[in-house]
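My questions will all concern the structure given below.
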Amino acid sequence: MASASWILSLSCPDRPGIVHAVSGLLARHEGNITESQQFGDPDTGLFFMRVEFSSSADRATLEGAILEVLAPFDMTWTLDVAGRRMRTVVMVSKAAHCVNDLLFRERAGTLPIDIAAVVGNHETLRPLAEFYGKPFHHIPVTADTKPQAEAQVLALVESLDVELVVLARYMQILSPELSTALHGRAINIHHSFLPSFKGARPYFQAHDRGVKLIGATAHYVTADLDEGPIIEQDVDRVDHTATPETLTALGADVERRALARAVRWHAEHRVLLDGHRTIVFS
Amino acid sequence: MASASWILSLSCPDRPGIVHAVSGLLARHEGNITESQQFGDPDTGLFFMRVEFSSSADRATLEGAILEVLAPFDMTWTLDVAGRRMRTVVMVSKAAHCVNDLLFRERAGTLPIDIAAVVGNHETLRPLAEFYGKPFHHIPVTADTKPQAEAQVLALVESLDVELVVLARYMQILSPELSTALHGRAINIHHSFLPSFKGARPYFQAHDRGVKLIGATAHYVTADLDEGPIIEQDVDRVDHTATPETLTALGADVERRALARAVRWHAEHRVLLDGHRTIVFS
Amino acid sequence: MASASWILSLSCPDRPGIVHAVSGLLARHEGNITESQQFGDPDTGLFFMRVEFSSSADRATLEGAILEVLAPFDMTWTLDVAGRRMRTVVMVSKAAHCVNDLLFRERAGTLPIDIAAVVGNHETLRPLAEFYGKPFHHIPVTADTKPQAEAQVLALVESLDVELVVLARYMQILSPELSTALHGRAINIHHSFLPSFKGARPYFQAHDRGVKLIGATAHYVTADLDEGPIIEQDVDRVDHTATPETLTALGADVERRALARAVRWHAEHRVLLDGHRTIVFS
Amino acid sequence: MASASWILSLSCPDRPGIVHAVSGLLARHEGNITESQQFGDPDTGLFFMRVEFSSSADRATLEGAILEVLAPFDMTWTLDVAGRRMRTVVMVSKAAHCVNDLLFRERAGTLPIDIAAVVGNHETLRPLAEFYGKPFHHIPVTADTKPQAEAQVLALVESLDVELVVLARYMQILSPELSTALHGRAINIHHSFLPSFKGARPYFQAHDRGVKLIGATAHYVTADLDEGPIIEQDVDRVDHTATPETLTALGADVERRALARAVRWHAEHRVLLDGHRTIVFS
């Protein structure tokens, strides 16, 4: 039987023998490890592992072996074919820079996602989505309709068997209920600064404060707005000639860059939740 | 007479004719511009200019011409010989990384400062200062003795004709009085994160939050702690394997790097105050 | 009359009085300088200046004044309305990453160019160009037809009144004749490494050599292939897990980033030729 | 018995079962893995592993188990106590920036090396070495005395039981014989550019070419000058105002930064040789 390449990612309470148990089950199925990383977090007492391996065993066989061998370890795990494209919904508002980047990278084959739909609370980005052959769902949101709108989103996510929801400058705060329903599979991107700014028009505040770096943070969505586990951060230099508009434009570049990395790492099962932190086996 | 290289830095309320007035007085004294930058800030209505030029005129002649020509513009200006080393005091506590970097760069000739003294609230760094041939002044600070200690510092700054005070991880908050006395000529360095953290043990907070970047901000000291005009910021990448101790060590690298740049730009008259922002003609 | 914002960029043999002459003509036309930079290169003996200013004078008046005042300085200069979009042709082959970025940025309003046409030696990128509303010209090139193909390109450039030609991974070497015809108005992007590699399949060579950084260089096209004046360079980190394919994908990100900056700076008249170097007033 | 923290690094021809064998021997000695990485290189057919683990077993027990269990794998391995400082000799000429950085980091406790001696072909850096309490050996080198000088160096390295030799801007080319004798345990730092330059005065060539980035490469010393396996690379931005002297000063910063990282990773057994490449488990 032909050999395939697999990714196994897992976490569990730390104790001796985990790697040995995993490597043993791989060895018994002719698994050859091509890349692997492990980390034990002394603070949370959790152990994390990601292993890419080739094996001619089929999924059922591997899953059976995992269930049997790893049961004692109280483990959270995923097994996936390496390179499989993760079913994704991208949620947008009017700003195109992040979703354009994701659509382009999917088509270029450099981001292992399969964007099943684009959801917008405005119609603005329908042409872009449709150029890339993606269904565009217009789901407007007002204070009154938010519960129904979120129900629509969740129904779509479930009907499309979606594994990842990317908030690509969606500009809407998800309710705690939807955040919880999408726990660990929704990624948001937002601007970040040193120092950070609260409130509206952050690039105007950054300009007013005269910052020399502007940044962006990609993080998992939680009910605690903009405070979810950080996956990736990036910055770019700016100087005194930058206007708030220039800062916004440069910030858009940083945002799309940090988001694309976070999505790629998530889709490659490189990101594992460690309490309110992440382990990123990049 | 031999030609020397000069730096003229200035700011004033914006209006037409400033550059023409400056370039006219330079032209009349055979000044040849080698590097220059100008910027008008539409928010504050201020205009900023830095010009390096060669001229065989002496200082008195140039200053006289500046006073005469630029009087109508309500200008703040400095005229300096390019490359002259700025008289500097470095204030330290126990951490050596920033002061070691400044002392090394001064000796290597890559930082145009002349460190006239190192002031420490502990004796820890005396040997390092003395290895570089610098007088070390031990001025301890307690809650009770702070006013006297600051008076000593200020007396030292004045007696040594000091133009720049660098707080190189001094770890003491200057009083509003001393901050005011050193307005525009004291530079501090502190850690910075996205998001930022308030309170004690910031690298522990950063670790707890799982940040992927750690940073540092060099800024002018004002009575508003850690909120003075930003001169320079920098960051470095970290990952989940970093402990609070590792973050602290990596942070030290970022701190010394941002501080050295800020000090160099200040010493080269490249930094001009624009309200609570800075113009940096780097 | 309403005030407009202008950009004047110039270079000439260095001598005293240039800035004074320029600022004088601005002052006489109520020009208010908002941003300006000057630099004198001691190696080439050339002086460079870029000034943004507001003035209510019209173009004819300003141009007349420039011609009159600046004649003695043997000056090369351009006068442009700030923010005017530069007429551009983008040349492509099959790789989409650079042209997609340029088209997106033009539409987003963050790159002051007006892409008048996309030229491809393959049909591959026609749909992308047409999605952005751009005429796509398929001009195939073989060893035999190269002179005719280049004549077609040049005719197109002239008929469309094109100011800038961007080789966005065009993968064809321009003849010395076409390079000369497009002197100073054609920008190319190519991969760059430390150390550099000659010959085919550079990302494979980079992988074989185990580089830790991959880079890209945007430069003006000259008859000396890949050796034209450098406008911008950038790099990204890679590690041992990167395959040649991964390196190529990461390299594409660096390429589009460096190219976008170079194009923006050129379109804003921030890049001036200084022999085989560039002055970039970024 | 108290538990200690260990590092096991190894490489061998790739085949199934390696990780299982290693994790098995760790499990049998109560080893708890805290951080680990594995990589199989499809090009060279080699497998690489680094594992940090805690265990109460003593060195003899662990080494015996490793010899027994890993014998069939034709493995190259090292076992070390985590955090143990590696015995190091630093070789210098007149430039202080790299050795100053290494000495400072050793003292600060952020670099796990124990500098046993500094060797200089000039006396220039004796005071710096002695300030840090290090023996300084002046071993001059001329064309005639090079064989004897290298013999002295090698004798010193052997008598001091040195594990790592750092060429910190030593400015002398090691003979093929000495390069071979120090194979895999000598690290050099040199400037790097895009494009690269051959021959003398590289920063002057870089200036002449108008590069926008300057870089440095830390690599293992081989008989093939400046072409040894790359451990780390870094760059910094420069612009047209930089003189060759400025480039040299900025280059010094990049050099010391890249060198310090390479030395730390080597001393932590994070760097494994993979033919003429390196695997860096950073």
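Each chain gets a letter, A, B, C and D, in the order it is written, and its residues are counted from 1.
As a working rule, a residue touches a chain if its C-beta (ideal position, glycine included) is under 8 Å from a C-beta of that chain, and two chains touch if they have at least 3 such contacts.
Which chain is which protein? Per UniProt: A, B, C, D = Formyltetrahydrofolate deformylase.
Since we're looking at a predicted model, the values are computed, not measured.
Asks: Which chain's mean C-alpha position is the greatest distance from chain D's?
Replies: Most distant chain from chain D: C.
Asks: Out of A-D and B-D, which chain pair has the most contact pairs?
Replies: A-D
Asks: Between chain C and chain D, what distance separates the C-alpha centroids? Give it in angstrom.
Replies: Each chain reduced to its C-alpha mean, chain C and chain D end up 41 Å apart.
Asks: Between chain B and chain D, what is the gap in Å from one C-alpha centre to the other?
Replies: The computed centroid separation for chain B versus chain D comes out at 35 Å.
Asks: At which residue positions does chain D touch at least two other chains?
Replies: Counting only residues that touch two or more other chains, chain D contributes 35, 39, 241.
Asks: Hey, which residues of chain C end up touching chain D in the complex?
Replies: Touch residues, chain C against chain D: 39, 41, 43, 192-196, 208-213, 215, 217, 229-235, 239-241, 274, 276-280, 282.
Asks: Per the contact definition, I'd like the list of chain A residues that touch chain D in the complex.
Replies: It comes out as residues 14-20, 23-24, 26-27, 30-40, 42, 47, 51.
Asks: Once bound in the complex, which stretches of chain A touch chain C?
Replies: 35, 96-97, 100, 104, 107-108, 110, 127, 131, 241, 249, 252-253, 257
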